[in-house]
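Here chain A shows up in two complexes: once beside chain B, once beside chain C.
Let's turn to the complex of A and B:
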């Protein structure tokens, strides 16, 4: 009898699992629990500290290379980093090598600069999408305007106040690459290692373990991992956003996965000795 | 014919391969100028490659529709999807916003591409959960090690998991976030570094084989 029941548990129709997950996620989104991580991870803290130490007026390249598929994890990171940069009066140049990112970038920068009374052209600039990342990254080492002579609206980039005295990587204080692709690897290889430009990355949670070697050798000055990284950064800049609110749903979904795995394994062990 | 089809392409690859490689080590003005010229060429060639890819995609789906192959109906959506973004992009001159309002392209992005793409990715979560339940079985020592690491990472990455850990193992005074940090910075790094070094060596060897004409598959069959 028990054996049959346990077998039924193991062979449960997966649509019930889908339904359970949907209920858990929906519940957490509709009624946030306000769960907050009790410790900021070392890599997020390093990223925050590095940017926080930059003097006002420093030029930061924000490479936003994610599309709508990964935006729930990466958009909150981009918002938090942009907020931090503007709060520190840093100049921001936005680039992208992901075609699907352009509209997401415009969405971020239609909200964040206004919160800090920042003006397009004076405090930040958005460059158009470039399909060939390696060529663009190599070109920027000698002359940024060789690849970005115009901004997204076709204005002469050299004439923009935000680009004053910016010619190549020597004038760039930091690159923050938030990507659902392998763009952080390219920034490390072509800008960080070769020209000594500090690089910070923001990646999806699933990609996070792969960047350990770069962090260990300080090729990356910090790393934001998934929605947790976004939530931690939001906590550090004291501006809760989508990352913080998304952590509830993520928490419950994670615990549900853990519980399901444990239940299925307990059932197997019992079956083995029945 | 062999000269045009074989020797000239091999010579081009050899000369430009060696010169581009040298630019990495020669910080001279001519070297930089050469690299800039190559970057421009690369962008132009990429644009042609993109165009060729598009033609190839359309052609293969056209063939599928005309043959009425299995699932040919889905191929129609390749054209619908392309037109749904390409036409607004052309009309809006590639701009997503016009001041504070959305252009046609912005609308297509926000209300077609964005939800479709996000849905595709979100559906993965459901499959991962059901697969974890049905497949994550501890049948060996290796599977047990994987199980323990997975549990620690799952619980350590979210606040609720951290709370559960503290309730169950708080007496050990060992924070789960420290264990997660250790896993990510020690065993994961060791594995990843090995993979990265292997890939890098493979890439260098393949590049050298192409430059020196040992690897010639890119030339085609003739």
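Let's turn to the complex of A and C:
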């Protein structure tokens, strides 16, 4: 009798699971439960601390290399990092090597600079998309203007106040690469290891375990992983955003998946051995 | 067209395409096919304009207009790649590929060796340089990491037969690999849920009164379609059986 019921549980139509997942996620979006933990991972804390220690006026390259497919995870990271940079009065140069990122960058910088009364050209600049990232990264080592002589609107980059005294990697205090691709690897290899530029990465949760060796060897100064990394960074800068609200839904979804795995494993053990 | 109208139209298109694509989780249907083909077509068109306006125009056309004739060389090398589609002159493409191989290898090999090979070997050995100042936990971690690296390398070492000690080390390597895959899979699940959350969050936004309840109306429309389709498909099967 019990075994028949357990067999029925294991053969449940997977569409019921999809429906349950949809209900759980939608429920959390409509009625947030406030399940956010204030425990910050070591790698997010390191990223925050490194940027926090930079003196005002330092030039930071923000390499935003994600497209709409990974934006739910990475856009909150970009928003949080940009907010932190502007709150510390850092100068920001935005670059991208993902063609799909251009509209998302516009969206981030149509919101964040205004919150801190930052002005385009004086406090930050957005450069156009460049194909062949490795060639661009190599060129920037000797002369940034060799690859970025104009900003996204076609203005002469040299004439912008934000680019004052910026010539190559020697004048760059930090690179933050938020990417749904392997761009952090390129920044570590062609800017970090080769020219000593500190690099922080923000990556999708899928890619996060692969960056452990770079963290252990301090080739990366910090790492934000997925939506959890974004939520942690938002907590550190005391500005809750999309990452924080998303964690509520994710936590519930994880509980549901864990419960399903446990229940089905118990069922299999009973069916096989009892 | 006013901005608000465009935003509402965008919300309807976005909500519609998302629901159409998700509808495949229930079963295949024409709405899913429409969204799928639209996605492919739009993607191709979008990439075409990226290459045209973000690559060809600034990297080739504009320099040529400014009499920078040197760009002709890389442009010709790039064009030579297309000749592989014409069998008679496909040999020309070798020049482009040769350049790409040489340039790519020259850039990637030294950087890859330094960053991913020498530095990582250093990272595995370095902790043992400070044995006296090490806590018991750090020592355990360092040994664990070194053992993990060696055992995983042994697992992928195929020049020796995996018997005896080699087999044991290789088996330990499998456990380290399984732990890594487990962590990676857990993170993959989290990432997929993040993406799903992203779309649901948008669907929730599109369900507002300002967007004329786009999500609810499209969702109800899809449910009605499936009910009607199920009803008529059932009727068709029944009449077919009767005729037989």
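In this text, the second predicted complex is superposed on the first by the 272 of 274 C-alpha atoms of A that agree within 3 Å, B and C clash if a C-alpha of one lies under 4 Å from a C-alpha of the other, contacts with A are read in each partner's own complex, and residues count from 1 in each chain.
Throughout what follows, a residue touches a chain if its C-beta (ideal position, glycine included) is under 8 Å from a C-beta of that chain, and two chains touch if they have at least 3 such contacts.
All values derive from a computational prediction rather than experimental measurement.
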Applying the touch criterion given at the start, work out whether A:23 contacts chain B, chain C, both or neither, answering first, second, both or neither.
neither
Given the touch rule stated above, what does A:70 touch, chain B (first), chain C (second), both, or neither?
both
Look at A:246 in the shared chain and tell me whether it touches chain B only, chain C only, both, or neither; answer first, second, both or neither.
second
Of the two partner chains, chain B (first) and chain C (second), which one does A:193 touch, if any: first, second, both, or neither?
second
Which partner does A:270 reach: the first (chain B), the second (chain C), both, or neither?
neither
Classify the contacts of A:209 with the two partner chains as first (chain B alone), second (chain C alone), both, or neither.
both
Pick one for A:8: touches chain B only (first), chain C only (second), both, or neither.
neither
Looking at chain A, which partner touches more of its residues: chain C or chain B?
B
A:219 in the overlay: touching chain B, chain C, both, or neither? Say first, second, both or neither.
second
Based on the A-chain superposition described above, do chain B and chain C contact any of the same residues on chain A, and if so which?
18, 21-22, 69-72, 131, 134-135, 138, 194, 205, 208-210, 213, 216, 226, 228, 250, 253-254, 257
List the residues on chain A that touch chain C in their complex, please.
15, 18, 21-22, 25-26, 29-30, 69-73, 99, 128-129, 131, 134-135, 138, 185, 188-190, 193-194, 204-206, 208-210, 213, 216-217, 219, 225-228, 242, 245-246, 249-250, 253-254, 257
Contacting residues of chain C [partner chain A, same complex]:
25-26, 47, 50, 54-55, 58-59, 107-108, 111-112, 114-116, 119-120, 122-123, 180, 183-184, 187-191, 193-201, 204
Sort out for me which residues of chain A touch chain B in the complex.
10, 12, 14, 17-18, 21-22, 33, 35-39, 41-42, 67-72, 100, 102-103, 106, 110, 130-132, 134-136, 138-139, 142-143, 146-147, 152-153, 194, 205, 208-210, 212-213, 215-216, 226, 228, 247, 250-258, 260-265, 268
Going by the contact rule at the top, pick out the chain B residues touching chain A in the complex.
24, 32, 35-36, 38-40, 42-43, 46-47, 50, 95-97, 100, 105-106, 109-110, 113-115, 117-118, 120-122, 125-126, 128-130, 132-134, 136-138, 147, 150-151, 154-155, 157-164, 166, 175, 177, 180-181, 184-185, 188-189, 192-193, 196
